[in-house]
Amino acid sequence: MRLLPKLGRKLRRWKKFKKSPLLRKLDLLHERCANSIQLEKHRSKIIFSISARKRAFLETSQDYISRLQAECTDNTDTSEPLSCQTRKQFLYNGTFHEAVGKVLLTAQLFAMMPVRGVTAKHPSSLNFSWLHVRTCCCLLFIASTLIDLSLTIYKVLDGPMSFNNIKPIIFRSCILLVCVTALNLARKWPELMMHWHDIEQDLPQYRTQKEKWRMAHTIHMVMLVGMMLSFAEHLLSMISAINYASVCNVTDDPIKNFFMLTNDEIFFIMDYSTPLALWGKLQNVYSTFIWNYMDVFVMIVSVGLAAKFRQLNDNLLKFKGLHMPPSYWSERRIQYRNICSLCGKMDNAISLITMVSFSNNLYFICVQLLRSLNQMPSVAHAVYFYFSLIFLIGRTLAVSLYAASVHDESRYTLRYLRCVPKDSWCSETKRFAEEITSDLVALSGMKFFHLTRKLVLSVAGTIVTYELVLIQFHEDQNLWDCDQSNYS
Amino acid sequence: MRLLPKLGRKLRRWKKFKKSPLLRKLDLLHERCANSIQLEKHRSKIIFSISARKRAFLETSQDYISRLQAECTDNTDTSEPLSCQTRKQFLYNGTFHEAVGKVLLTAQLFAMMPVRGVTAKHPSSLNFSWLHVRTCCCLLFIASTLIDLSLTIYKVLDGPMSFNNIKPIIFRSCILLVCVTALNLARKWPELMMHWHDIEQDLPQYRTQKEKWRMAHTIHMVMLVGMMLSFAEHLLSMISAINYASVCNVTDDPIKNFFMLTNDEIFFIMDYSTPLALWGKLQNVYSTFIWNYMDVFVMIVSVGLAAKFRQLNDNLLKFKGLHMPPSYWSERRIQYRNICSLCGKMDNAISLITMVSFSNNLYFICVQLLRSLNQMPSVAHAVYFYFSLIFLIGRTLAVSLYAASVHDESRYTLRYLRCVPKDSWCSETKRFAEEITSDLVALSGMKFFHLTRKLVLSVAGTIVTYELVLIQFHEDQNLWDCDQSNYS
Amino acid sequence: MRLLPKLGRKLRRWKKFKKSPLLRKLDLLHERCANSIQLEKHRSKIIFSISARKRAFLETSQDYISRLQAECTDNTDTSEPLSCQTRKQFLYNGTFHEAVGKVLLTAQLFAMMPVRGVTAKHPSSLNFSWLHVRTCCCLLFIASTLIDLSLTIYKVLDGPMSFNNIKPIIFRSCILLVCVTALNLARKWPELMMHWHDIEQDLPQYRTQKEKWRMAHTIHMVMLVGMMLSFAEHLLSMISAINYASVCNVTDDPIKNFFMLTNDEIFFIMDYSTPLALWGKLQNVYSTFIWNYMDVFVMIVSVGLAAKFRQLNDNLLKFKGLHMPPSYWSERRIQYRNICSLCGKMDNAISLITMVSFSNNLYFICVQLLRSLNQMPSVAHAVYFYFSLIFLIGRTLAVSLYAASVHDESRYTLRYLRCVPKDSWCSETKRFAEEITSDLVALSGMKFFHLTRKLVLSVAGTIVTYELVLIQFHEDQNLWDCDQSNYS
Amino acid sequence: MRLLPKLGRKLRRWKKFKKSPLLRKLDLLHERCANSIQLEKHRSKIIFSISARKRAFLETSQDYISRLQAECTDNTDTSEPLSCQTRKQFLYNGTFHEAVGKVLLTAQLFAMMPVRGVTAKHPSSLNFSWLHVRTCCCLLFIASTLIDLSLTIYKVLDGPMSFNNIKPIIFRSCILLVCVTALNLARKWPELMMHWHDIEQDLPQYRTQKEKWRMAHTIHMVMLVGMMLSFAEHLLSMISAINYASVCNVTDDPIKNFFMLTNDEIFFIMDYSTPLALWGKLQNVYSTFIWNYMDVFVMIVSVGLAAKFRQLNDNLLKFKGLHMPPSYWSERRIQYRNICSLCGKMDNAISLITMVSFSNNLYFICVQLLRSLNQMPSVAHAVYFYFSLIFLIGRTLAVSLYAASVHDESRYTLRYLRCVPKDSWCSETKRFAEEITSDLVALSGMKFFHLTRKLVLSVAGTIVTYELVLIQFHEDQNLWDCDQSNYS
């Protein structure tokens, strides 16, 4: 019943999609045909020359013709690639909004990004209101976190402060900051997605559904793997905490022990009660999700932006080394410029999340490495600890590398410009090349640092240096005693 | 009585102002009108096409026409925006000299920047003379500081030297250095302000009083907030010192105790006497003001320079993506170049102050962080200490970010050049883009470092590293004992 | 018997080589001749002018003519340079494949790079198969290393972990990683060499055999010196171990003592047996070779790439400051671009090896420097230790400098472009100059860092910083006791 | 008697000098005259317009005419500036060879730079031979230093090694390295000076003797101040050593005590004898001179190179903002290129000295700062120590800043190119601007680092970091005991 109008809508969009690029590419194709005929002539003329370099050129022209033919086949008859795709792949038209829908839906289950219409087919369905249930949930969670944070601060300030002890404060402050930023982002999200959609529509489109599906596939994989590992880490954390609670048994009730250990900031000022314990547990689960989600979110946006650059680069690759008219380069330059401005807009919107994610990861890795110097109280601890540490380092590395891929892809365009033949080198290509050379397109942490591959090395170097300094600082202190909770 | 000639002068200036930009923009407007007619034609011609990209262009042209109309309205009939402005805003013509007048006047109350005519309407009224009362006050204060510094050095060298103990020497040396630099700057100030004024007059002018008033508003806010916080910090420092003096009571007289604590360098070699105590207190108040003022001054100059770049950028934004003649770009390029050269001149004039401000803040943050490791002797101390530390870090961050905004605004111009349409891309736009790309326009600390957002990260990194190293160095030493004065 | 067909093949290739550049340079030479006549006229006209700068120009033209004549002589009559070369040099045609043949053959003796046809004259003879004996040997060694690594991890995890103790794990992991990477590289090797060969054939060829032989000579020297020093280091290590074994004599049998010391990870869980000891020794020798070979390999590839840039630069030097047609510059630009893309391909293929080599060297230098703080138990130890340390530092420096030479040579081209006369400055020269300026052509460690001369300074700085931090960390601990084996 | 031929030679050179620039500038002047007439017309035409920007332009043209007139006066009638100059200034024709003559002569007194003809008027008189007395002296000193170094190594290796103890080895190794490098430089010096002279002759010449004398004056001042301070430091060192020797009196003879203290490496293996003591003292004096001279030498070369860039910039300043023909810019570009290549040649020749100078200063500052943590045994020590430390830091800063001035001056040229009017902006100006932008012209330490102002900050940061790390390392150790000699 409900499927029919949906399918109808999809069909209409599909038709529109099939028409629009055809229309858009008519003039371009015309040029190409003229070009191809010219090339064919050229080919027959030079067919008898035998110099190595000439042969290379010949291969290029042959290659070009075959590429052109392949493309024509794609254009006129897309039935073949369609038939061999799964139904799921068929449904994707390759927009970021579509790919990111389920990811945002999952986030909304955990009181983040309260925007309606994330699974709708078109970003125009997106809207944000302060009165939605989702928004209220989100505000409720923020209030709850605020209370939790206050309790934590009260408990931590009671004892001596150190690099290690302020971990729960840092953790909960980051969660709070990210939640508020995400709420703010949700307000801007409909507009951002519309902007993204407009730019996407203007880009050279992929021919096959497989290529269209690629970005969505990567995004889903990132989300899935990230959440799986996060879930595994949380389970191990619980097992380890249960184990630990049985050692430092304050009371006779093991469940009570467990909750008093994992939510010590609550029961530091209040007596134990099951509702409070449940609230603490819920808060814990939500916090852990958000803590992982902020990294996943930065990765997903990076994947989306990098995919748009790749889409442009794939088109440039098709015509690499060929004689293209200035209008081709002008069009590509404007598309490149659009993606750059999209990058800038997204960066402005999420750079606070990026910064929190990065500094948070850096701090946690340092604290974990510091703890690694101590003897583990049990095997369960050791397993949890090393899994958690490796997961943390892996996640940080993944965020860095995915974010750096935006910059890498944006620089990649330069390679195709380097191969423009002498005769086709015009004012437009020059301007294009100069703009790519002089601009730094990358996600950033509040513009204080840009996420490039060089940053990964600096971060690694910083961690090692901190570690060496920390080693000396906390040499003899045992961090695994019953008084201190390490389960935040 | 006195208001009438003032108002008359203002009216004349207002008339002049209203005429001069009109004259200056006649030829430019002419071009625009021609452009607009052409666009209107273009619009009617393309009104039936429906491609997405064409529509975007259409919106641009519609947008352009509405912008042009809005502008024409502004030009021919400014009565509306004028009537809705407050009297204060009406008075501003948007020059830096005018905006900075009261800030400099305040500084002169504290024996700095002894130049006459700072509140005059035109920078030509500025003049410096060695024989003015203000200059003499300034020289007197420098002499007084010199004596105080000598006494401090004598006292400090008497005991063992350490990173923490030399704080009073560093503090007073910086005050002295800044005072002498400010005196030197005062000599050059009239010339600098004339240069600034000339460049300002040549820039594209704002239409509304509100826009003109913006820079002055920011400058006044920076000054006000900076001075308020500085005053609060000084009060807290006094309360904390009174509290401290009552604990380490050397004599029975609490006032005497207080002065002997806060000016220990004086009473280390001299007996207690009320005039000396008052001199010490005065010296203390003045020093504290200057210590804060040097940061505020760097911020204010930064705000001024960034506002000039923004003025140019706002004009470029108006015509973003439109077909402009080469003469437009040539004019903008020369204006950009002028602001750059102004930046260079201001940087040469104040870079010593910038450097002192930065290194001083860096050193004080390190010392304060070092002290934070010790237990606080009382609650008053703790409140003062944390307020002081947060104020210090906030001030340093504010200086860094305001100073970095000059660089950010200067790079922002590039965005508008990236949107120049293909047909309007000419030798002038290219030269403009290349110059922005290759120049580094920013305030600097003696050219050793440039104040950009990247620097903030380095500074933060350095502070953390120093802190970690310092932690180990002073681990067990108690810095809060009665023998040592921490009230410099 | 076998020499004849080889010689015949060589002769044919030689002929082909002699013909192809002639053909390729006919049009170029034609231009040059026209140029030369024009210059001669110019010379007679300006012969009487006496200004200093004119004279300089005159010298240039004279120089040009003499260079042209020298070149003509080279072209028409190459018998003279041929006759004065040794037979060995005669055999080289200057390709990288030929130069690197014996180096790869040596590597294959130690179970690396299992690709067939490395000593063949043409890279088309290269092929890789999983079923070759060499591949099987390689896989066998990888399996053997894996077992050894497991034993090592088991032994190390048994005791407390420290920066120093994990050395055997790091060592064996690196060996394993490099072996697997080399196996993977072997699969891509035939294709890479074909690409390299194609680009080489297109470059301006050297005239004399001596110049052709130069690259091969450098490569062989690097290999020889590297292996000699590595052999000497291994011998010293054995002498030192024998000496050490006699001090910490566990059993009466000195040979058994030696093996139990050098392969303590095997005999930690198994009883002593001669076959196991021999396996351990073999594993040891192979590991040591591979540990040295990875550095040598990076050096050799760097020498090869730098030589290709030099080949281009040598051609540009010949025509430095002369009036060359745009076609000349276009050709050179494409050749430059080809070498750049070759660099990129080689970098992609070997960057993991580069990274392992660098981080490994960095870690080992730090560990060795750390050990240098302890007293040496004997003179044999001291000699071995300091030889080993100096060898390590020298090797790291050599890798850095050879790798940096690729970047240096790629930038060198810019100098010749700076000397292009005003009249010959065209769109092509400009594009060439801009491309060199904006590209960073260098080997890299997984793109995280680029191997330039600046890196050497950073690495040196890092080592010194680490050393100073390490000094404090392990101050009192004696690392030369019998319980710990330092012979990995 | 001897003065007459000298004066005759000078007169002839003077005539030649006066003629050659006139000849060289005839065509340029012609253009200027045409320009001037045109400007005069332009001026009369625009004399009535009153816009602010027009007025600015008018001022420019008036300024230009006055500049041109001033220049004409200079050209036709130089008697006035000549008459008011001292005789000494009259003698200079502004070449680097002439300016550096006495500096090299002084160096030769201390067995360095053994090249003949340094005080000759023309660099063609320079020559180097292995058989000169100077060369023999130099070789003798190298041999003597080698012996001294061996003795030092023997003594140091006898005790435990530390950062502080190896100071004498570092000191003597640096001296030896610099001596050998200077000997090698002496061989290349005649050629370098001829190259320098050729480039100098081609540059736009100064009109007045005062301007010509400026570079020589700076060089002499640097040499004088450097040597004076070095002499003062050596005297203080001796006084402090005498004072110290009287405390740790080994024997009764105070002179013997002094020599046994300052040359402890000699008397560690040999008995005391006066000739040995004198040799040690001589060696000491020479070493101290060379240790200071290497810094002074780097400064002097920097002053020379920066002066050449300034000479070019002064010419560009003269015609700043005016309409100049492309030939003018082409000429300037080639001159700029020549100075760049001169920089490169000089850098290649002296970069080892630069590197030794820098690393040596860095090490010595660290060692001195480390010693500053200990209590001084006497006032003489304290005075010497602080003078020495401040001198060391000042010298390092001076070397850095003078060397950085080469880079600063080379970038300064860009400012004049930014002011080229729209109509005069041509291919040549563009090429000039791009070349300056993309090249890094600076002295370097073996190309590992470039001497720019940014380096100073890094060096300062490194010193502070090292200091903080060193503080912890040597906290309790007393470095001022009688067993250790600190007088190397």
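Order as written gives the chain letters A, B, C and D; numbering starts at 1 within each chain.
Here, a contact is a pair of C-beta atoms (placed from the backbone, for glycine too) under 8 Å apart; a residue touches a chain by one contact, two chains touch by 3 or more.
Small disclaimer: the values here were computed from a predicted structure and weren't measured.
Q: Among all chains, whose Cα centre is located farthest from the one for subunit B?
A: Ranked by distance of C-alpha centres from subunit B, the top chain is C.
Q: Call it same or different for subunit C and subunit D: same when shared residue numbers make up over half of all numbers used at their interface.
A: Looking at both copies, the contact residues mostly diverge.
Q: How big is the rotation, 0 to 180°, that puts the C-alpha atoms of subunit B on those of subunit D, in steps of 5?
A: The two chains, subunit B and subunit D, differ by a rotation of 90 degrees.
Q: Starting from the mean Cα coordinates of subunit B and subunit D, work out the distance between those two points in Å.
A: 38
Q: Please work out the Cα centroid separation of subunit B and subunit C, and write it as a whole number of Å.
A: Centre separation, subunit B to subunit C: 54 Å.
Q: Averaging only over C-alpha atoms, locate the centres of subunit A and subunit B and give their separation in whole Å.
A: Going by mean C-alpha positions, subunit A sits 38 Å from subunit B.
Q: Identify all positions of subunit D at which a residue touches two or more other chains, and write them in rising order.
A: Residues 434, 465, 469, 472 of subunit D each touch two or more of the other chains.
Q: If two chains touch, include that pair; go through all of them.
A: A-B, A-C, B-D, C-D
Q: So in the complex, the part of subunit D that touches subunit C is made up of which residues?
A: Counting only subunit D, the residues touching subunit C are 20, 23-24, 198, 201-202, 326, 330, 337, 340, 427-428, 431, 434-435, 438-439, 447-449, 462, 465-466, 469-470, 472-473.
Q: Which residues of subunit D touch subunit B in the complex?
A: Those in contact with subunit B are residues 51-53, 56, 408, 414, 418-419, 422, 425, 430, 433-434, 437, 453-454, 456-457, 461, 465, 468-469, 471-472.
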